[in-house]
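Okay, so chain A shows up in both of these, paired with chain B first and chain C after.
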Partner chain A sequence: MRWTALLVLALTAGCARLDHVQIGSIDQSQGELVPVSVRLSETGFDATAAAEIGRVASRGRTAENFKQLRDILALINMGPRTGNPVFDDAYAQRLQEYLLVECPSGRLTGIRAIREAKTAGPVSGEIVGVDAYCIR
Partner chain B sequence: MKIRILLPLMLLTGCTHSVHMQHVSDFDDVPAAEKRSVVTAETEQTVVLGFVFETDYVDQAKQQLMTQCNGRLSAVTTQYSTSHGFLHWTNKIRMQGLCSEG
Partner chain C sequence: MFKRFITLAVLMTALTGCVSLNSVSLTQVPAERSNEISATSSSWTFLGIAFSNDFVDEAILDLKSQCAGGKVEGILTKFQHTVFIPVVIREVVATGYCHKG
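The block that comes next holds the complex of A and B.
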């Protein structure tokens, strides 16, 4: 039963997640539009979910230990989440700098800001990205 | 034995974060590199067990950004994130823009 539950969990975990997408104005009248893209990512890890998997996969005293661990982890990591927690919240702070490297003129249009992730259960790649057109 | 396992875990996971959103404004007439400077503003909101003590931290960040630039602000990026903690958490707003004055 437990292994069936785990198998179903693994199969339904999916591999991609979109949290937010937003697009700005598009100006096609100023010149040639060249697509540019910037992606910044950080490894996400949900320790609480990992402890829950351990609890489901084990029995007796070990399962009880995993349950206690899960509860403690939930208590010390309280707060709203988008995807799995990361250990560095500064990973997306150089977005503007990288966009200007991709498009030195700074003439960007059709900016699409994306918050997404590649997921594998309690581990994920949390991604912040921007696709845009550079006006040449 | 349990404590030996739990303590490092608590230290390791007590400092997790979650980036909810990264907004990017239009890049309208961004000035040349030598004529612009990067300005940054950061504000926080502490939440204890769901009780909120500060509700205008987003406006404060915008005000901080405007105070640092008397000219034109463009290419503004806004990051909304949360730092998790023991029975409390901190919501954070970080705004960064390009300032061209004169």
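The block that comes next holds the complex of A and C.
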């Protein structure tokens, strides 16, 4: 059982999660469109899942301790959220700045705002991305 | 009896499509709304395990191609999941208004 759980965890490492997609207006009448893209990410960590892995991978008293830890972590992290908790909540702050570096004219159209993540067990890369077209 | 129960359970599970809506967004809606266009892109996954989100780009490329040289405004974007156990279909549906000239 525990080896199956660990195998599933290994197989699902590197999975992609998609939370939100928003497509903005597209103007193709102003000139040539050049695709630009900005991705910002921060490490996310699911402590509850880490404790669950510990429980599955251990036996006896240790497994019981991991189970209790998992339950406590689940209770104190309860509530609505998107993705895993991150260590810096301002990691997406400079998105617009980077976008303007990619498109100095600032004439952007077809903006797609994407919230996604790459997950590997309890650890994830929580990503905020913007793809757009720069009018040149 | 048991075989019938299993068959029924499998049929019920396979034929049930549960849809969940993850996100919705809408951009400014234009006054001229005669030419509605729509694009859908989807990705089939086994048990919801996906390795890429690139399928999203297909929707915008489709919208662009349907309104070459014009403006697409009032875009309603929906991101939804449809579950046919064990398959999970992730879908982006974008609907907007094309205005040329």
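In the analysis below, the second predicted complex is superposed on the first by the 131 of 136 C-alpha atoms of A that agree within 3 Å, B and C clash if a C-alpha of one lies under 4 Å from a C-alpha of the other, contacts with A are read in each partner's own complex, and residues count from 1 in each chain.
The criterion applied here is as follows: a contact is a pair of C-beta atoms (placed from the backbone, for glycine too) under 8 Å apart; a residue touches a chain by one contact, two chains touch by 3 or more.
None of the values given here were measured: they were computed from a predicted structure.
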item	value
Chain B versus chain C as contact partner of A:20, first or second or both or neither	both
Contacts of A:108 with chain B and chain C, given as first, second, both or neither	first
In the superposition, chain B vs chain C on chain A residues touched	B
First (chain B), second (chain C), both or neither touched by A:116	second
Which of chain B and chain C A:131 touches, first, second, both or neither	second
Touching partner for A:60 - first (chain B), second (chain C), both, neither	neither
Interface residues of chain A shared between complexes with chain B and chain C	19-20, 22, 24-25
Touching residues on chain B, where the partner in the complex is chain A	2, 6, 9-10, 12-27, 29-31, 38, 47, 75, 77, 79, 81-92, 94, 96, 98
Touching residues (chain side chain C, partner chain A) in the complex	22-23, 25, 27-28, 49-53, 56-57, 59-60, 63-64, 67-75, 77, 79, 90, 92, 94, 96, 100
Chain A - residues contacting chain C, complex	11-12, 14-29, 110, 112, 114, 116, 131
Touch list for chain A against partner chain B, complex	19-20, 22, 24-25, 42, 47, 65, 69, 72-73, 75-83, 85-89, 91-93, 95-96, 99-100, 103, 105-109, 111, 113, 115, 126, 128, 130, 132
